[in-house]
Amino acid sequence: MALVGKKFPNLSVNAMDEMGDTFKINVLEEAQKNNKKVLLFWYPKDFTFVCPTELHAFQEALGEFEKRNVKVIGASCDTAEVHFAWLNTAKDNGGIEGVTYPILADSNRNLSSQLGILDISNEQYDEETGAVTVEGDNVTYRATYLIDEEGTIFHESVNHMPLGRNVKEFMRLIDAYSHVQEKGEVCPANWEEGKEA
Amino acid sequence: MALVGKKFPNLSVNAMDEMGDTFKINVLEEAQKNNKKVLLFWYPKDFTFVCPTELHAFQEALGEFEKRNVKVIGASCDTAEVHFAWLNTAKDNGGIEGVTYPILADSNRNLSSQLGILDISNEQYDEETGAVTVEGDNVTYRATYLIDEEGTIFHESVNHMPLGRNVKEFMRLIDAYSHVQEKGEVCPANWEEGKEA
Amino acid sequence: MALVGKKFPNLSVNAMDEMGDTFKINVLEEAQKNNKKVLLFWYPKDFTFVCPTELHAFQEALGEFEKRNVKVIGASCDTAEVHFAWLNTAKDNGGIEGVTYPILADSNRNLSSQLGILDISNEQYDEETGAVTVEGDNVTYRATYLIDEEGTIFHESVNHMPLGRNVKEFMRLIDAYSHVQEKGEVCPANWEEGKEA
Amino acid sequence: MALVGKKFPNLSVNAMDEMGDTFKINVLEEAQKNNKKVLLFWYPKDFTFVCPTELHAFQEALGEFEKRNVKVIGASCDTAEVHFAWLNTAKDNGGIEGVTYPILADSNRNLSSQLGILDISNEQYDEETGAVTVEGDNVTYRATYLIDEEGTIFHESVNHMPLGRNVKEFMRLIDAYSHVQEKGEVCPANWEEGKEA
Amino acid sequence: MALVGKKFPNLSVNAMDEMGDTFKINVLEEAQKNNKKVLLFWYPKDFTFVCPTELHAFQEALGEFEKRNVKVIGASCDTAEVHFAWLNTAKDNGGIEGVTYPILADSNRNLSSQLGILDISNEQYDEETGAVTVEGDNVTYRATYLIDEEGTIFHESVNHMPLGRNVKEFMRLIDAYSHVQEKGEVCPANWEEGKEA
Amino acid sequence: MALVGKKFPNLSVNAMDEMGDTFKINVLEEAQKNNKKVLLFWYPKDFTFVCPTELHAFQEALGEFEKRNVKVIGASCDTAEVHFAWLNTAKDNGGIEGVTYPILADSNRNLSSQLGILDISNEQYDEETGAVTVEGDNVTYRATYLIDEEGTIFHESVNHMPLGRNVKEFMRLIDAYSHVQEKGEVCPANWEEGKEA
Amino acid sequence: MALVGKKFPNLSVNAMDEMGDTFKINVLEEAQKNNKKVLLFWYPKDFTFVCPTELHAFQEALGEFEKRNVKVIGASCDTAEVHFAWLNTAKDNGGIEGVTYPILADSNRNLSSQLGILDISNEQYDEETGAVTVEGDNVTYRATYLIDEEGTIFHESVNHMPLGRNVKEFMRLIDAYSHVQEKGEVCPANWEEGKEA
Amino acid sequence: MALVGKKFPNLSVNAMDEMGDTFKINVLEEAQKNNKKVLLFWYPKDFTFVCPTELHAFQEALGEFEKRNVKVIGASCDTAEVHFAWLNTAKDNGGIEGVTYPILADSNRNLSSQLGILDISNEQYDEETGAVTVEGDNVTYRATYLIDEEGTIFHESVNHMPLGRNVKEFMRLIDAYSHVQEKGEVCPANWEEGKEA
Amino acid sequence: MALVGKKFPNLSVNAMDEMGDTFKINVLEEAQKNNKKVLLFWYPKDFTFVCPTELHAFQEALGEFEKRNVKVIGASCDTAEVHFAWLNTAKDNGGIEGVTYPILADSNRNLSSQLGILDISNEQYDEETGAVTVEGDNVTYRATYLIDEEGTIFHESVNHMPLGRNVKEFMRLIDAYSHVQEKGEVCPANWEEGKEA
Amino acid sequence: MALVGKKFPNLSVNAMDEMGDTFKINVLEEAQKNNKKVLLFWYPKDFTFVCPTELHAFQEALGEFEKRNVKVIGASCDTAEVHFAWLNTAKDNGGIEGVTYPILADSNRNLSSQLGILDISNEQYDEETGAVTVEGDNVTYRATYLIDEEGTIFHESVNHMPLGRNVKEFMRLIDAYSHVQEKGEVCPANWEEGKEA
């Protein structure tokens, strides 16, 4: 079920940043209360090799996003403690030192299961023990959500595990949506800021 | 629920092309039997103004997709008759004359409802008459699916109504996925064909 | 289940006319608020070949219907955008240029499914995906409803796809019903205005 | 729910004709076994005043229907005994003397309830006694069915109680349908035998 | 389930008499409001041969019943129109001309189904169509009810189709019950008015 | 629900006669195996005052019933022991000494509850104890059944407690039914053996 | 489920004594309102041979029970009328003439089914007729209940059909319970009034 | 629900005797396999003061029971270890030293709950924890069962906690039942061996 | 389901100590009302050989627990009467004479079933009798609970039947938890009072 | 529900060790196939401060466990990648470098949810979205399981988050259980290897 056109779920989730103290983020309120757009991107696991390149790429573009009044938030299902250890690992050692935007620590999967982006399948219920077993690591695909100032999702995409994202494409989508918001014009295929809509 | 990592639904759907005769396409078989990738893109309605730019953009890139062994398929919930009328309308009159790839005519919504990309909400059941009423036009968002040679979805994305798509980004994703298939290497952020993974 | 003798469903539906802007029509209110009879006729699809002859035939008789205080409304499950494109297609090209009565665009099938006139069958529910698939194009048969000033249906008929309608027969039925309303006499077989009841 | 496009219900029903002995008719078999079309018309009650004019009108046109290989059958929910009494009542006394086609005596409402054409409403179940009470006389509206040689309904219509039918319109529909069967051409609005389709 | 000892069902039913206008009778109120006993007898069908002899027999004894403050009511499932036609048919032609007590026209079977005296069996529900089919003509057996001034049934009996009733036996039962009401004595077997209880 | 036209229930019940030993009777088999008609009459209780007069009346007419090949059976819900005590009580003491036909001892109410002739009402289920309580003595009304040689009930009647039965009326009904069986003629009202049907 | 330690069911039941008029007894109120103990004994059937010896034995000991403030009540499922007939039958003829304590006439089994002492088994529900059939005569075992002044059961016992009871053992149990009530001492095995507890 | 007339439950239960090793007893098999009668008596708790007197009383009568081919078995819900401790406690210290018949250790209440003789009430289910809580000590009343050689219960009785049993009464019941078995005569009230039945 | 981190169940349970009178203990209130920690230990059965060594070991350490403001409570499913007998049995005879802390007598298993520490398995429900049978003695494993002053469980452990407990380990856990409560420091592995955390 | 006395769940779980490749461990098979005991200990999270001291303490004692034929396995809900990062972090930096036993990576919680040791509470189901939200981090308490060579759990314990474990106590429990296995003697309280049982 597409989430585009709907409000982002109203949930508070643990988060960590380079300061080292766990805090709470509610993505919906982040957009509505601060009157900002939000770019929320999920990656499967800390301490793997595709993921840090994505986190560094978003860090490098952070200034551009801020100019557009967009808050960037990363997310995985690891704990805040693991995020902090990774944030303290040098880039050369596969770490993400230097990342300054917050990272959700959705260890209880409250948010990722509501978005439906966990890689689990074949859920099975054991009648005798009442326990549920699944196949898969119970981590998220590379899902990305663009959310407007009213908390409405205007883009969602999901990449399979091995495929990194293109930061510029999200920039383009944000610009196009801002164009629609300002001009009331729809944006045709391959639209880019500065070109004719 | 993300469809990435799952097989595309096994369904035959009516389709139309510039030849004018209705025929059937089963997207899953299209990939598996012909050992091709498939790019399937949905647009809301025939005879509107954003949509033809997207259809033309895919047509222009058709050669590039074919080089990559990718079959392009368009789709909306209009009937095959309406598709044919639009195919026979000149580009200058807002038509899509010149488009040669097939377009699904999912007028019974069998496929779009299974993908969960219809813009309907507030489904209500009337106990007395047994009828169901919904809000929304019952047409699709701008959803795109990339499917590999085994029929597995490796990318899905959904844009809100007014946002056109970027054909090059899909090209990049297909190249990156082919790279993973051939090299067994994962593709980091902003990866592009010819750069180092 | 016959609908004759019951009120017409109380639903607002998108509509289009030659002016080009989508608007809403509630057939029940159209009758009750304007104290008019309504003739509502459904055809399967825009841009086909039987259908335009019916639309033109109703257009030609429009003056006669208006003399009898009858509002004529056409209807199919195509979108308003498609209706407009067809309204702008010349009669010689299979279009309906010149039609001035409104045409319902029941793309979400709210009204046609409540009337039970869609050509779908073998509805099947897929337990795993929660999706419903049907056989048929999910378009309407050639159904016609005559509704009196209180919103009560006094005639309904349904023709199979290939059979066009006879505009004069509906005129006869309207005259006969008006006769009953005025004279309180029932109308025998083959009754016609001016003959003895 | 429209019955057009579906097979007529497979049911045997009591019937009476001018010979005076009750016999059984299965409308579906009547069409299929004899390779005939069937025109089945329902009227509310024996011994009323609109009804005999309709019965006489069909009788007068019987030769025309037979030429077209159409079997005419009348029907109401009265018993066969009552039909016989009415058949023996002179036309001048409000009877139907002279009618030679069979008349169904659906006193148990097996067929009329399956067709959904009874004038009952507000069905209420009494929990204590297990009895069901309804409003209405539990007789049928003026419903007409045209059935082809395979038993498929190609036209249905229902008139409110006081509106008599037009025998010629049914003749026209039968001719149009035969034309489609023979020529494979669809019949546009107001089509009549001998004119161009 | 025996109905003796219970109140007669509280239902209004259409009725006809020799005056020709349909009116409503509620048997329970007929007893309670007029402080009368009621003899209600059901017969299967109008225009048959056993039935008129029973109707005439009750007519002949009508004076005796009135002397005992008993209202006689006949009943079948035919319509009021059919009752009227039969009331206007001479006795010699198998009619019931001369009958002056009212006859219930329970065409919707509200009352007869609550009494459980219809000759239907093998009720079958068709899951697909939601229709119910039965065996039998859906007419009543020869059932008779004696009801006292408080609306309580004190005798019920049912004869199979071909067996006519004995009017005198009902007279005897009414006399015996009146005796019990007045004297407080129970009435032994074969008791008759004027003999010792 | 009328039982006329149905087979009598297939059940074996305890019975007693003047010989003093309990035995079993299955009424249905009694008719079918012996090719006899059966008259089965129920009375409320042994050792009351109306009941013995009925039992004596049937005894006196026993020869007439036997001539007509009818087996007479009495029945109540008392035990076989109580029946025997009553059979041994002189007529002058309110007993039924001299009765020779068998009497059912339906103390477990298997048969009477299936016939629906017990005087109980307001059945209430106590959730806590699982017990059921009723109002009434749980004895039968004065119900009479006439059963033909195939086990089919052709007459049933029920009298309220204080009303004794008329043995001759049952004789008349048996004669009429035999007449129908032999002659195939239906028997009109007040028919009696020897008169014209 | 043992009933000892629970209150006796709160139910009014028909009863008979040598005076001949039916009256009601509520065993629970009998104990609580009169501040008495109650001995309630059930026997299977009137007019059998073990039963009267038990009834006479309780009669003979009645004075002893009254001295102990104990009310004796007999009970079976026969009607009050049968009880009265048996009370009027001389002891020599197997009767119970001379018995003065009341006897419950639980013909509707309200009380005995709540106590669970009926000899029925294999209850079977017939889906078609809704009737229940059982095996057994639906009479009670020889069950005995001792109830104290607050309505609490302090002893229950059940004997199989052929085993008569020992009146003295109940006397001993009542004395022992009274001893506990007065002295607060528990009563060891084989305790008897006058011996040391 | 009375258990008299039914087979004793088919269950194996832990038991202890003066030898000190836990073993299993199945009471039903004890009767059937050894062709013996069984007297099974339950007491509430080991190490209380009424109970040992009952255990000693049965021990003293053990020779008499054996002469009658009756196996005596005691029972409580204490463990086998506790039974052994009590068997090793001298009579003067409230113990049961000297008892030689086996004692069931129904600590899991399998048998006592099936017999329905535990003193628990107000069973309550806690939805949150899934736990059940009850009022009462979950020990048995003083219940006694007499079982014949076929495993059928012919007597059951239950005494409230403080009331000891009378060993002689059980002897009398066994003698009476043996009398019935041998002589086929029923045993009247107060019957004793050697007296006339 | 782990109980650590949850409140101890709020239940009152019978208990016994060397004084000999049964009283009630609610473990949760014991902690909360007295502002104490509680050590609750369960053993399988009184009068066995491992169990007394555990009870004596806790008794010997009682002073140390009291210094730490910890209340010690023992528990099994035996009755209070059996506990008292064991408390009065000399240590040399396998008794627990000298134990002064209270011992729960959870004979109704209200608490142990809620904790889930009974050794039962294969619970089976007998549809016919409504009885439940289990395997196992229905006694507890050697479970131990440490509860803080707010009633929250901070340690739970369960040993299989033959394994005795180590009193000092519970002392260490209590000291470590007190350290956390006072210092706010977590306690690493093998922490002991006086060592560095 | 205590797991002691039951088989350990039969599940394969991801694991990591100092070699860096993810592999599968099935704890039950580990015990049964290798005929070893298993000590499985769970800690809440990688990269925290209590946890590494426990992991180091088990590492130091590894030789002692191996001498006793015990396999040590650690476990948390972090991913294998995070385990590997932690295994590569020096002890001085809060890492667990030097640990050689495997560590389960139960990121999908299949095993921990079946053991019931996750710190989640207040599970809530959202009807609209079908999503489940919980309170708590969805990580495990400090739970420890001792499993014998047949896969049966003989000890389980759970410490609240801040309480570290005592490695020696588990050694003592293993020695005691081995003693029972060899000698068949139960081990009393405070038992230690080399002391008398």
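Observations
Read from first to last, the chains carry the letters A, B, C, D, E, F, G, H, I and J; within each, the first residue is number 1.
The rule is simple: contacts are C-beta pairs under 8 Å (C-beta built on N, C-alpha and C of every residue); 3 or more make two chains touch, one makes a residue touch a chain.
What you are looking at is a predicted structure, and each value in this text was computed from that prediction instead of being measured.
A centroid comparison over C-alpha atoms places J as the chain most distant from chain E. Centre-to-centre, using mean CA coordinates, chain A is 33 Å away from chain J. Rounded to whole angstrom, the centroid-to-centroid distance between chain F and chain I, based on C-alpha atoms, equals 72 Å.
For the pair chain A and chain F, the distance between mean C-alpha positions equals 84 Å.
Rounded to whole angstrom, the centroid-to-centroid distance between chain F and chain J, based on C-alpha atoms, equals 80 Å. The touch graph of the protein chains shown is a ring with every node of degree two. Going from chain F to chain G and on round the loop of contacts, you meet the chains as F, G, H, I, J, A, B, C, D, E.
Per the touch definition, chain H reaches chain G in the complex via residues 1-5, 49-50, 53-54, 56-58, 116-117, 119, 121, 141, 143, 153-169, 172-173, 176-177, 180, 186-191.
Of all residues in chain I, those touching chain H in their complex are 9, 11, 14, 45-48, 77-79, 81-82, 84-86, 89, 107-110, 113-114, 120, 126, 129, 131-134, 136-139.
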